[in-house]
Every structure is written in structure tokens, then in C-alpha cells.
Amino acid sequence: MAILIFLIVMAIILIAAAIYSIMQKDLLFAVLGTGVVSLVLSIFFYMLQAPDVAITEAAIGIALTTIIFIITIRNTTRDENKYNDDHINKFKTKKDA
Amino acid sequence: MLKKLIVFLLIATLGYTLAVTLSSIPIGKNRIGSIENPETVAAYYLDKSPNDLKVANTITAVVVNFRGFDTLGEVSVLFLAATGLASILYRKEEEEEEENIRHISHRLNLPSSSLVQTGAKILFPLIIVLGIYVFIHGHLTPGGGFQGGAIIATGFLLMLVSYKGFETNHKVMVWLESLAGLGFVGVGVFGLVKYGSFLQNTGWTGNLNDLISGGLIPLIYIFVGIKVATELTNILDILLNIKPRKK
Amino acid sequence: MVITPVHYIVAPLIAAFAIPLLTKIHKDAARIVPGIVLFYNVVISFFLMNHIAEHGMISETLAGWEAPWGINLVVTPFTGFLATMVSILGFIIWLYGYRFKRTLKGGEVKFYEILQMMMIAGSIGIIITGDIFNMFVFIEIVGISAFSLTAFYRSRDGAEAGFKYLLIGGFASAFLLLGILIIYTQTGTLNMAQIAERMPEVPQQMKIIALVFFLVALGIEAEMFPLNGWAPDAYSQAPSPTSATFAAVVSVAGVYALIRVVFTMFDVEGVNNYLMVMGFVTMLIAEIAAISQKNLKRMLAYSSIGQVGLILISFGIGSNLAVFGALFLMLNHSVIKSLLFMAGSYFIYNTDDKRITALNGIHKKLPIVSFFFALGSLAIIGFPPFSGFWSKFYILISAANEKYIFLIIGILLVTIIELTYYLRVVGRIYFAKEEEGEPASHRPSINALVAMSSLALFIIVIGVYPDLIMPHIQNAADALLDKTNYIQQILSVKN
Amino acid sequence: MMDFQTLFEQNIEIITIAVYGTAIALIVIGLYAVLMKKHLVKIVIGLSIMDAGIHLLFVAVGYISGGTAPIFSPGSENAATTMVDPVPQALVLTAIVIGFAVTALALSLVIRLYKHHHTANIDQLNSLKW
């Protein structure tokens, strides 16, 4: 029974982490949320008798995907609501019209 | 507001459709059918993998042999992604010189404490060995080329972020990358020339659960492992070495 | 070693993996090797077409597992016809682009050539594979190359168009996976012939839901309305040889995938009508949008979508003659639209301006290119002595045979719209008052001229002697419609 | 391990709801993020969550109650009848790697766009019509 409860708790954590990661305004934490999604997902895969998929998800989903997101955030912006104040259209060229 | 409504309707439709569809695909039901008289591909694979190919891990047998062509395609997807990434983030030499920051490293680094560096130094060989172990034993235990390759890439990632001066040897990387890819295709062409079917396995397969068994399958998985490791390391290397824009 | 269909994929892959090494030996290797490979694909095509004309269709097994168990590659008169067309156009586009990219430096050339070659190879893969998941993998190969090439110039708009394309492509692959999932649980197989064989046993509801997922996913690849928002941006931002490849190769592969799934895998009633209606809407909206375009490449892109709509209508009519017309139109569209993109890109290259208004009186600067553009315009509208006439003619006849009056009216209306906007451009090129300016700085190089003239020659020759190509198209149409034979031939080994 | 299997067998309805529900929720949440969010990184996050849901769905339909992982470890050489379906797992392996490739490419485009626009908000990237 304990495993069943564990499974349901895991399902709730998974959904909560997914919602958290799309609602969180601080993108760094949002990305960590997707890391949690991957982590719980790989536990799911393991419980559903898919150890190969679990290892792949762990290595690629948790480690590599998270790190490339973090690199991107570092190169762009961490705040979801950040707007560019200078007028965007000032770069517009005639050719693109 | 209208957009929100449309999106909501779209999402509700998709969710409802999936729920209805899945309710008639019950989980846990055996859809494979009899193994002796296979009607589905799954039954056939479960039958042939231990008996004909002598590969203990059926998923490896499926990925490398039965559906090996998919894996070749997948490896090339990764290769193309690395190429595309390099092309999108490529900078002309003039541009680099213009910004005059060519020789300054801007790589993302952890706060370099000696603790982190020592830890990385100790962990790095262990991770590499683990990765190699995973893809060498791909036909026996869970894991294989992708998993091993991804683990090795994590090892390189650790070194790249903890040492400012750590650089992957580009020459070696290019050679390894190309040779691993060519090795994979080469094994396939070997099957084509010798047995008349691309990627065909050799007749000799050894015994189930031996390290050296399964014919060419472990060899292919080693090539896949090296290829995946180099491609992923390449992707990380390119991304980590982006120079931040001038403030 | 005999030539087998797998060479189509293996040769480009070997080249792609080896190019990073070869460039170290010779710096022009990255430019030349893809040409050799694409030419080799043309050779394979002719060899295989000969072979199937004598011995019937080929179903090659991979990894030594017979058809339903392993992945198989199928060359029927239909897939062989499309693969031949794609490989020949791929080679011509390479020839055209050979010196076009002279301005690029070492690294960039390597990336460009690898991606371009793999996009063509992946399209051939989509066409010849007989396995639905393998098709997904090839769609991803084409997709990844296409996203990267769209953003290849690393300009602001290019990156945006690439991102947009990638996002919609991501949707497509997600939906495709869902469709594959449903089909797999219902039939227990991934081989398209076996899926088709087992399809009657699948519950109707499952069938329709899976079909909807496939239609959405492949509709995106085939530029079907309303899923084609990516196309004009991608076409207009990509390097010109890539735009030509999108029109001539990628859209063909997308339409093929859609047709293969709808015609062979599924047996749902009424999907033909759906194709017809969606094709009609696609065509009408795209052609109307094309009128208002100010950017030459965007106009050509909308025109391409319109042609794809017409192809879908024609497949939707579903009679043998209509399928024949659709395949003929696919061929014509690929050839003519590549010619238009090739010629158009020299205008843009010279005026350094993508707008149509910049073309005033350009025929004095670039007489040959202008001639090719005018030829292509007339051909795509469907003027009689050119090949475009015949495909439209057969489609109209087939619509008349099936008594679809509204289709005939629609197609004629669209022809008038096409006439308006193409002749507007041609009129500007030839009759508008020339703007002040220095003579053309970038005259077409000899290889580009050879590429364009061979396409132009094809348009004229087929326009005058359509009998040269019609038997092949007729075989292709018969092969597509003969579903039972396809299933039996592939699965015969099993029984 | 055995504990898992018996429990799974007994409570298959709850597990169906939990696993399918989670998968559908992930797909729907991901789709919502892709369609409604304004920040490019958020959109890519949505795409990868959507992919994750589909991967879970694949593994779930391949599951057979009471089944073991499809690996013939020493001592279970004849256990083929009690194994879960290996094919969806193999397909998911491919799909995960392809998904990573697409994500990496998408993020590189985000970086490139940010360099040009100094913003990653799609409302401000309006040089082409969205």
C-alpha cells in the first residue's frame, strides 16, 4: 500500500512541479521545476518497468536539459516579465518590409 | 480575451480526446499476444532477442538491431542538431575581433573553489568509467549507448564548469565524432556487403548474458556511445562558450 | 554489391559524418562532396527505376528482418517516381548553389552543405520508408536541418522565422507521436503495410482520433491550412537554394507523407472530402494572400502553398485521373518553383532589396535571369506551351468528370489571381521604367545558368511533348491507388 | 521488486488514473505554456513538458500488469511471457534524444533572438507577423 501512496504522491508532485515551472516568474526556478519533473518522471519510468528509459531520462532530462536551460537563461534574462525598454522597432530596416 | 478562449477550448478538446481515447486503452493489459506465434512486433522481438540474437536486454536488441535504422537516424539528428547549433551561434572572426574579447574566457563557471575543483577532478574519471561501463554492458543490463554517452557528457560538463582553463581537445573531438559515426555506418555497410542487408548482424552471437555476445550489437552500441558523448559534449561546449552581449 | 534503396540514405550519411574530416584535407571538400553524393543519388534513382520497371516493386529489408518485423524501404513506381524527382532536383539545387555561397567562409560552408544535403536525404527517406516510426525519425532529420537553415544567416528575422518553424515543427512531432502511439496500441505493429492490413479491425473511434492526429502533424509538414503559418517566413528568410529546396523537396515529402497515411494506412470514409475542402481553403487563402505581398520571396512562398492546396484538392478527388493530375502537378510545381526561386534570388542578390518594387526594369541588367523568371511565371500560371498547362488541364478534366463544378470555378478563379500577381511582377521586370543604377554586379555564374537552363528546358520540352513523362506518372498513380497490391507485396514474405 | 508487481496488479484502476492522468496533465500544461506564455524560454519549457507527457504515455501503454523489465537476466531466460512491451520503450529512447536535440536548437535560437532584440518576449519580437 505504501508504494501506491508513494505513486500517487509522485503523480501529484509531478503535476505540481510542472505547474510551478510554467507559473514561476523567476526562470531559474522554473527550470529547476522542469528538472524535478524529469526526476519524478524517471522514477515513474522505473516503476513502470522501463529502466532503460529511466536512465536516459535521468541523464538527459535531469542533467543536460537543465544545464542547457540554465546556460540560456544566463545568456538572456532571468526575469520572465522583463521588457526591452528601448523601442524594438528602431532596428527595423526597409528591406524586411 | 478571444485568444484565451480559443486556447482554452483547444486544450480542453485535446485533454478530453486523450482521456476518451486512453480510457479504451487500459493500462497493464497484455497486448503482446502469444510469444510462440507472434502477431505483434513486440512478441516477435521478445522471442528472437534471447534466442536468435543472444541479447539479454531486449530494448538494446530493438534499438540497435531490429530498429537499428531508426537509431542511425537518431544519431544523425543529434549530429545535425550540433551542426545547426554551431551554425546558429557561429561568429565570424571579424565579429569576434570587433568586440575585442576573443581571448577572454566568458564561460559559465561555478565559483572556483579548490573544493569544487578537487571534487570534479576525482569525479571526472569515475563518471567517464561509469559511462563506458554503461555502454559496454548495454546488451546485458539497462543502459547503453545513449545513456553511457549522456553520462560521459555530464562528466565533461562538470569539468567545463569547474575549471576555467579546461578545454576539450577539438581535434580529437572532431576525429572521434566522425570516426564513431563512420564506424556505425561501416558496420551497417559490412552487413550489406556480406549478408545483403544493411546493419545485419553476424551469424555468430555467443551465449546469452556473456559480455562478448550478440554479434555486432555491442560494437554498434559502443560507436553510438562515443558518437552521442561527443555530440552532446560539443553542444555543451558551444553553449558554454557563448560570449555574453555587451552591456 | 548491388544498388539497393538504402544507398539513398547511407551515402549522404557517410558524407555528412566524413565532411568534418575531409575539410581538413582540402578546404573545398565541403562544397564538392555533397554534389558527388547527390549525383550518386540520381544514379541510384535511375538504376532503381529501371529495376522496378523490369522486376516489380522493391521492398528492401534492413538488419535482415523481413517486412513486418524490421524496418523496410519500399520503392514502388510511386515512391520511385518521387524519389527520382527529389534526387534530381536536389542535385540541380546543389549545382545552383555551388558558387552562390562563395562569400561564406570555411566553417559556415561546412554547416550549410551538411544541413542542405541531409535535408534532401531525409526527404528521400520519408518517401521510401515503409515504417511509420522511421518516417517520424526522417521528418525530424528534415525538420532539424530546415530549422537550422532557416536561421542560417543569423539575422534577426531569420532567427525568428526559424524559432517559429521549430515551434510548429515541435507540435507536429508531438502529434505524430500521439498518432503513432494510438495506432501501435491498436495494431501492435509499426509497419505501414501491416497497419493498413489490420486497419479494418480497429474501432472506428480510435481510427478517427488517430487520423486527426496524423492529419494535424502531417498537415503542418505539407503546409495545409491553417497550419502553414511557418511557411512564408521560413521561405523568405532561408538562403535561396534552401527556399528552392523547401518548395521543391520538403513540401513534396510532406505531401507524400500525408497521402501515404491517408490513402494507404487508413480506410476512413469521407477523408477525401476533407482533403478536398482543406485543399480548397488552403489554395484560396494562400493565393489571396499572395496578391498583397510586397516581398518577392514571400509572394513565391504563398504561391507554393496555393499549389500545395491544388495538389491536395486533386488527391482529394481521388479518381485515377485526378491522382495522375496531382502527381503531374507535384512534378511541375517542384521544377517551376525551384526555377522561380533560383531566378528570384538573383534579383534580390543584385538589388539587395527583397521588395517587388525594386525589380523595375531589371531585365536590362539581368536579361537571362529575367527570361527564366518570366518563363517560370507563365508556366506556373498554366499557359499552354509549358508543362504547367498539362497538370492543370488534367486536374480540371478530372474535376469535370466527377462533376465538382465549384472546384472548377475555384481553380479558374485562382488562375486569374495567379495571372494578376505573376504578370504584375513580370510586367515590372520588363516594362516598368528603369531606375537609375549601376549595371548588375552579380551576374549568374555558369553553374547556376546550367541549373536554371536545365529546369527551363524541362518545362518547355514537357510542355510540348508531355508523352515523355506521362507513362511514368500514370504508373505512379496506379501504384498509389493499388493499396492491396502494396500490402501483399510487402507482407508476402511472411506467408 | 515483487512487491511492486502484486500491488500494481491489484490496484490497476488507481494506477491507470494516476499515470494517464499525469501524462495528460503534462501534455495539457505544456500546450498551455506553449500557446499562452510570452517568454521564449517558457515556451521551450512548455514544449519539453509536453514531450515528457508523451514519453510517459508511451511507457504507460507498454506496461503489462505483473510484467518485468524486458531484460533476460541470468536465471530468467524463459521469462518472455511475463515481460512488458519493449517496443514503446525503444521508441521513447529515440524520442527523448530527438527531443533533446530540438530543445538545444530551440534554445540556441532563443539566444540568437535575444542578441538581436535584447528581449525574449514574443510580443516584442514582431518583425514578422506571428
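Just so it is clear, A, B, C and D label the chains in written order, and each chain counts residues from 1 on its own.
Here, a residue touches a chain if its C-beta (ideal position, glycine included) is under 8 Å from a C-beta of that chain, and two chains touch if they have at least 3 such contacts.
If you're wondering where the values come from, they're calculated on a predicted model, not measured in any experiment.
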{"item": "Subunit C and subunit A - chains in contact with each", "value": "B, D"}
{"item": "Interface with more contacting C-beta pairs, comparing A-B to C-D", "value": "C-D"}
{"item": "Interchain centroid distance [CA atoms averaged], subunit A/subunit B, Å", "value": "20"}
{"item": "Chain centre separation in whole Å, for subunit D relative to subunit C (CA means)", "value": "31"}
{"item": "Geometric centre distance via CA averages, subunit D-subunit B, whole Å", "value": "16"}
{"item": "Computed distance of Cα centres, subunit D from subunit A, in Å", "value": "12"}
{"item": "Touching two or more other chains - residue numbers and ranges from subunit D", "value": "15, 19, 27, 32, 40, 57, 60-63, 69-71, 87, 89, 93-94, 96-98, 100-102, 104-105, 107, 109-112, 114, 116-118, 125, 127"}
{"item": "Shared interface positions of subunit B, touching two or more other chains", "value": "18, 25, 31-32, 41-42, 45, 57, 59, 67, 70, 74, 77, 80-81, 84-85, 88, 142, 146, 235, 239, 242, 245"}
{"item": "Residues within subunit A bordering two or more other chains", "value": "51-52, 56, 60, 64, 68, 71-72, 75, 91, 96"}
{"item": "Subunit A to subunit D touching residues, read off their complex", "value": "1, 3-4, 7-8, 11, 14-15, 18-19, 21-22, 27, 30-31, 34, 37-38, 41, 44-45, 47-53, 56-57, 60-61, 64-65, 68-69, 71-73, 75-77, 80, 82-84, 86, 88-89, 91-92, 96"}
{"item": "Touching residues on subunit C, where the partner in the complex is subunit B", "value": "1, 4, 6, 9-10, 13-14, 16-18, 20-21, 24, 60-65, 68-71, 105, 107-108, 111-112, 114-115, 118, 125, 133-134, 137-138, 140-141, 144-145, 147-149, 151-152, 154, 159, 162, 178, 182, 185, 188-191, 203, 205-206, 209, 212"}
{"item": "Subunit C residues within the subunit D interface of the complex", "value": "133, 137, 140, 143-144, 147-148, 151, 154-157, 159-164, 166-167, 169-171, 173-174, 177-178, 180-181, 184-185, 190, 233"}
{"item": "Partner subunit A, residues of subunit D touching it in the complex", "value": "3-4, 7, 11, 14-15, 18-19, 21-22, 25-26, 29-30, 32-33, 37-42, 44-46, 48-49, 52, 55-56, 59-60, 62-63, 67-71, 84, 89, 92-93, 96-97, 100, 103-104, 107, 110-111, 114, 116-121, 124-127"}
{"item": "Subunit B residues touching subunit A - in the complex, by the definition given at the top", "value": "57, 59-60, 108, 134, 142-144, 146-147, 150-151, 153-154, 157, 232, 235-236, 239-240, 242, 244-245"}
